[in-house]
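Right, I'll just put the structure down here and ask away after.
In order of appearance the chains are A, B, C and D, and numbering begins at 1 in each one.
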Amino acid sequence: MVQSSQATGGLASIPALLQRNADQHGAKAAYREKEFGIWQTWTWADTEKEIEALALGLINLGVAEGDFVAIIGRNRPYFYWSMVAVQSVGAVPVPLYHDSAADEMAYVLGHCGAQYAIVEDQEQVDKVIEVQDQLHQFTHMIYIDPRGLRKYDHHQLHQFSHIQDQGRAARDEWITDLKERRSKLTYDSTCVMLYTSGTTGKPKGVVLSNRNIIESAKNACEFDKLNAGEEILAYLPMAWVGDFIFSIGQAYWTGFCVNCPESPETMMTDLREIGPTYYFAPPRVFETQLTNVMIRMEDAGGFKRKMFHHFMDHAKKVGGDILDGKPVGLMDRLKYSLGNALVYGPLKDTLGFGRVRVGYTAGEAIGPEIFEFYRSLGINLKQLYGQTEASVFITVQPDGEVRADTVGVPAPDVEIRIADDGEIFYRSPGVFVEYFNNPDSTASTKDAEGWVATGDAGFFEEDSGHLRIIDRAKDVGKMADGSMFAPKYVENKLKFYPDILEVVLFGNGQDRCVAFINIDLTAVGNWAERNNIAYASYQELAGHPKVLDTIQNHVETVNKSVARDPMLSGCQVHRFLVLHKELDADDGEMTRTRKVRRVIVADKFKDLVDALYDGAPTVSTTTEVTYEDGRKGSISATLELRDAKVVAVTHQQVAAE
Amino acid sequence: MNDMTHDSYTTEDGRTIGGVVMEMKNITLRFGGVVAIENISFDIREGEIRAIIGPNGAGKSSMLNVISGFYVPQEGDVFYKGQKRPPMRPYQVAQQGIARTFQNIALFEGMSVLDNVMTGRLRQMKSGLLAQALWKGKAEAEEVANREAVERIIDFLEIQHIRKTPVSRLPYGLKKRVELARALAAEPSILLLDEPMAGMNVEEKEDMSRFILDVNDEFGTTIALIEHDMGVVMDLSDRVVVMDYGKKIGDGTPDEVRNNQAVIDAYLGVAHD
Amino acid sequence: MFYREAGDFKTTYAADSQTFPIKFDRFRYYAVSFVAFLIIPFVINDYWVNAIFLPFLIYSIAAIGLNILVGYCGQVSLGTGGFMAVGAYGCYKLMTAFPEVSIFFHVLLAGGITSIVCVLFGLPSLRIKGFYLAVATLAAQFFLVWLFNRVPWFYNYSASGQINAPERTVFGIEVTGPNTEAWATYLFCLVFLTICALIARNLTRGTQGRTWMAIRDMDIAAEIIGVNPLKAKISAFAVSGFFVGVSGALFFSVYLGAVEVGEVFGINKSFLVLFMIIIGGLGSIFGSFAGAAFLVLLPVLLKNVLVGMLGWPTDLAAHLEFLIIGGLIITFLIAEPHGLAQLWRVAKEKLRLWPFPH
Amino acid sequence: MSDQLVFAMEVFLNGLMAGVLYALVALGFVLIYKASGIFNYAQGVMALFSALTLVGIMEGQVPFAHVINATFGTDLHHFGWHVPGFVAILLTMAVMVLLAICVQKFVFRHLVGQEPIILFMATIGLAYFLEGVGDLMWGSEIKKLDVGLPQGINLMIDETTFGWFGYGFFIDNLDIVATIIAALLVTALVIFSQYTKQGRAMRAVADDHQAALSVGISLNFIWVMVWSVAGFVALVAGIMWGTKSGVQFSLSLIALKALPVLMLGGFTSIPGAIVGGLIIGVGEKLFEFAIGPMVGGATENWFAYVLALIFLVFRPQGLFGEKIIERV
């Protein structure tokens, strides 16, 4: 990794890129935010001024080089400016999940020793104040929305705009310092520090240098031929590396425009208004959207529904191939274009995908049907495989080679090797510098040559050279009979059913597998209404025998398909139960990025697991839950445990040898 | 008369309450033979939340209608900013900066939320018919300026998502909020709320209370509200007038009122109707 | 279905409150005006102009005017015929009194005069509401018609008691009188319609429109939140009167050329225009056009079918026409009380959400 | 005693009698408006229609003769029989009841709960429809109607008044008969609506639909009944005016004459309709007599409206309506 910033024409830092964009794309829109009913717009020139004002203000406030500045809020231009402003003054931005509870924040703030925080509103301010006494080094807080804060003690509390005003006022005093600090930034100085919400244990602070970010952004942009004309909608958590790469890295590298929705409720309408050309979403988003589409189409008139399904079937047949530029018969093409006029086009438009050139999904496996659905509409949806430590990109799917079951080929400048135990290692310019204040785990993850362990198990397909992920390496275990236990593999197969939201599979070291299942309230609830099944709560619906029957069918079909795979046929689900509560980040059962923390779940619901194994027909349990406002409560329920048919596996031994 | 008291003070939650901005002197209102209000006097101070409470039929609404100029009392005077208010039409009162909401919502059903709130800005609309007909210069500038102001209110009351929805499609609770927005859009010096919580569930009531407090806090708006649900009012208001059968039977801070025997007898007995 | 709105976002309030906020609608509007101004004039002949286009254009103006009063401000008026007469006679007096002035201004002035008269008869609306007002406006209808009938000054003491439009030109092109070109009269009226429509749209989408609608939806509440009822109602009458006056002037000078007030501007004219806005849709400019088109085309259609194809005597056809129009109106009110405009709105919503039902 | 005054008296009497007829038509409006909140513009056309039908039946015309001839080239006119007036009137009444049922069944049942303006428009539509039907059924040419009512100058009055003032009042017998019948009818209606079960039911409906329903009154029945009554009133009016000035389109305009009466009297007040009618009748005759000549005559066309208009500006609720207290 001896690249220097020469490769990027001397642009060694995000602030440097900002300067360039201000010069080259000065009049072009850099940020938009739907506020007060219209899309407030800032050109790159404006942005440069705003950021400079803020930076000066920060210096004025006493922010020193190397300080850590926490950034807490939903996607808004102000926070993106803050990140860059913080970088410009030589400090390190640390974005936090704004929906995380006060004590979680306390840990991160304490761990990085943040002295400053730039937050959104009263809610966040209160959270930080609540934990402030645990943070000795913490000094100043800056908020954006003054509502309800006027009567707070403002000795160490400042309004964003005021800081900027002070900055502008003190320009003459500080501008030289700012310029100097900016010029000190090199390709290896820290760009950002992101905390990975590890599926186990406390979060770790991943330090990413300008090199990491800029190189990966540059490569990815060239890979997908992104240019300054792109529009993206920034709605994913700012603390998540993906948003940083897309909304900062790539945006600054190419100079395209970042649009921020007005509020979570208006997210969908805003998406439609903007019509992004470059779009990213985790599988969950696509799933829910597809579910909604189907639900809404259910209410449509007979003719419309017929037409819809007719053309969707046709799309399933040829849509993907047309998108991949494969040869397709003339008649089929004509029919497809007709369908495009009648169904696909309008549908894409109403969903807000009308202009999407490149779309990505990652973070988890996506259901083949879901994936194909979007592609067949003509949306160039692709998968990539990545993680925070790699500044996202490890593998990506090139246009024309897109498949549901692989995650594509190594991204530019990325080397990959598969260890004997199947774990995937990679090395790239994007590889993180270190885990902050955590040399041990740094060492355990990244070796001297810079190879990083992903913790995932997978293999390359000989023919296509595409990478296939089986599961998280540490989750892959052995059944009692020594056959492979890969929970994710089975869980995903189940989760591809719209009415199943989450699955947790157990069986490591056991003779057979059992599973917890969460139903999808939207889908199942809708189904219940249509079959006029009354229910008062999630719990009641989850316990309904009819629901259990459907789930059981799903489980058994999945068992069949699992049985077909020689390696994994042992992982069929023998017994399952539908959980009486949704797994929830607030209860620590999931990460903020909604990955199941199976260890925690396993011991939290130990009684249920045991029950599943000891064959009891029902089990009563009480579980503690946390409400949105942080209050704790508990719900108790009696769950019905179901046995699922499994396929007797004959050739399993053979496979093992 | 001009003895406007100027002794402003600060509440324990740090809001400044100014001098008297409106004073009702010996108001008496009759409908034919029926006496709705009998010789009532009280004042409203700048920046305070002033509640008028009383059982149903105590004459609260009539009093509000007198303040907003819809009813003209047979006896007594209304003093506004120290000046005796000459007899005037309701819209003139409104243009003096007195905005109100209505007990049974009076939104313009045929218009969108945005347009409804915009009507609140009429005070600030100056451009002439011709200018508007051409939609150029002043008219357009004015339209935009007022839209900006209105959007801030919409944002403040968190009704962005229904901005363009026709009000006829809105649920009750939201309609109440839109009406509040319309009143706020006028940037009133006194805001009259006619049973803002009537017919709301607990959650909606909490929201509404929050908004009322925020309005008073953020814009320093003087608020006079009537409500027959005593509980809510006591937490909200700085001073309370208690009416019963058209007579004033109590006036003071919530605590004073709570411990006022007359109130307890006359009111609490029938509070839970 | 045809709408593609992704990426059609607004960055200014001006853009957000424009007449056609959706790109697709905007282009359609451009297309229509292109056809109306640059294609039709070259293809039409006298029959089309006199049978369809002139009446459509002129009634549209009247309908817009009445719609402002009834649909937007909620003041029912049955005096439209009378007010059109004012426009017509006003125009006639001006044409004959100042032959050297361009007819264009005569028409405008006639509109102005009408709006004054309209305001006079509108004054009672401050006290009278609903049907009482509707009936009161009949006073205007009958009084005005009577006036133009009985006071010779208005028809320049002509023996027939009729008024005849002398030849007048715009830019040297004849638009009134016996020997006019089809395209000339068509364009002349089209220009007026366009102006009126734009004015109406601007007024109704801004403060004035909201004031009117406030009065319409809940006059008491409107007054309490600061609407001056006098100004609101009077302005509605004034604007409405202007449009109706203009239409009356054109109806006489360009379309008919000769008018006997009793039969041309009688009570039935009032109802005809009222029907137009009811069928078209109250409180909608598009509705005014749709209604006018509907009630102009229907009789032409019927006549062609009954007289042309079935060979009925014209008087019978006329009676049947009455019957059918009456029936249609009833069916319409039952099927869609909010008129064609509402149908249009619903259809548009469906298209925008396509393929979703809602 | 001056001639002017004497003439005025004559005019006054004539006005009074015209007024009674106005009142009669106005009653038709009031009845329907009270019971169903519908402002029935078609009242006048109903009068025309009934009169046409009456004539048609009496002379034994073939309905839709013209249409049939036009389409099939046949040449039908009359069945060739004559029906005595009395029977014809009964038959016509039957037709009017039938009409009432149809109107209720096909129109207003589907418009329940619409705004008044919509209902009003519907009646205008109805008016057009009926006019079309009437003309198609019976032809549009002016017809003479004679059901045997006395006509011509009333000599007795002529002579007596001559004896008194040296000038004989010209009063048409028909007018006298009309007045008497109208007066009787008005009284009958008043009695009907005040004292009979149906009448009370009708008023109940007017006051509060829901309440009426809850006490088991069939709205449908009431409305049909009301429309029938209105039809009957229309028939009577039709006969009067028809006999007087022939059955022709202008008949339908007398309905409009009743509108100012309504404004004066108030849409909901029966006595209002009566008094209003008289005031208008007398007023317009006297005005025409006194002012008409100076301004070119034919002031009846508008006098009534202007009078009502001016009157309303000072008393918006009409003669007998009670003061409107606005609430919010």
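By definition in this document, a residue touches a chain if its C-beta (ideal position, glycine included) is under 8 Å from a C-beta of that chain, and two chains touch if they have at least 3 such contacts.
Since the structure is predicted, the reported quantities are computational estimates derived from the model, not experimental observations.
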**Centroid-based (C-alpha) most distant chain relative to subunit C** = A
**Item:** More contacts between chains, A-B or C-D
**Value:** C-D
**Asked** Taking each chain's centre as the mean of its CA atoms, how far is subunit C from subunit D in angstrom?
**Response** 32
**Complete:** Distance in whole angstrom between the CA centres of subunit A and subunit B is 47
**Request:** Quick one: report the Å distance separating subunit A from subunit C, using the average Cα coordinate of each chain.
**Result:** 58
**Asked** Measuring from the mean C-alpha position of subunit A to the mean C-alpha position of subunit D, what distance in angstrom results?
**Response** 78
**Request:** Mind pulling the residue numbers of subunit C that touch at least two other chains?
**Result:** 12-13, 16, 220-221, 224
**Request:** Would you pick out the residues of subunit B that each touch at least 2 other chains?
**Result:** 70, 102, 106, 147-148
**Request:** Please set out, as single numbers or ranges, the residues of subunit A touching at least two other chains.
**Result:** 37
**Asked** What residues on subunit C touch subunit D, complex-wise?
**Response** 76, 123-124, 127-132, 134-136, 138-139, 141-143, 145-146, 149-151, 220-221, 224, 267, 271, 274-275, 278, 310-313, 315-316, 319-330, 333-334, 337
**Asked** Which residues, counting only subunit A, touch subunit B once they are in their complex?
**Response** 35-37, 147-148, 150-151, 262-263, 265-266, 269
**Complete:** Note: in the complex, subunit D contacts subunit C through residues 39, 66-67, 70-71, 106-107, 110-111, 114-118, 120-122, 124-133, 135-136, 140, 256, 259-260, 262-263, 267, 295-299, 301-302, 305-306, 308-309, 312-314, 316, 318, 326, 328
**Asked** How about subunit C: which of its residues touch subunit A in the complex?
**Response** 1, 3-13, 15-16, 352-358
**Item:** Residues of subunit C that touch subunit B when the two form their complex
**Value:** 12-14, 16-17, 199, 202-203, 206-208, 210-211, 213-214, 216-218, 220-229, 235, 238-239, 283
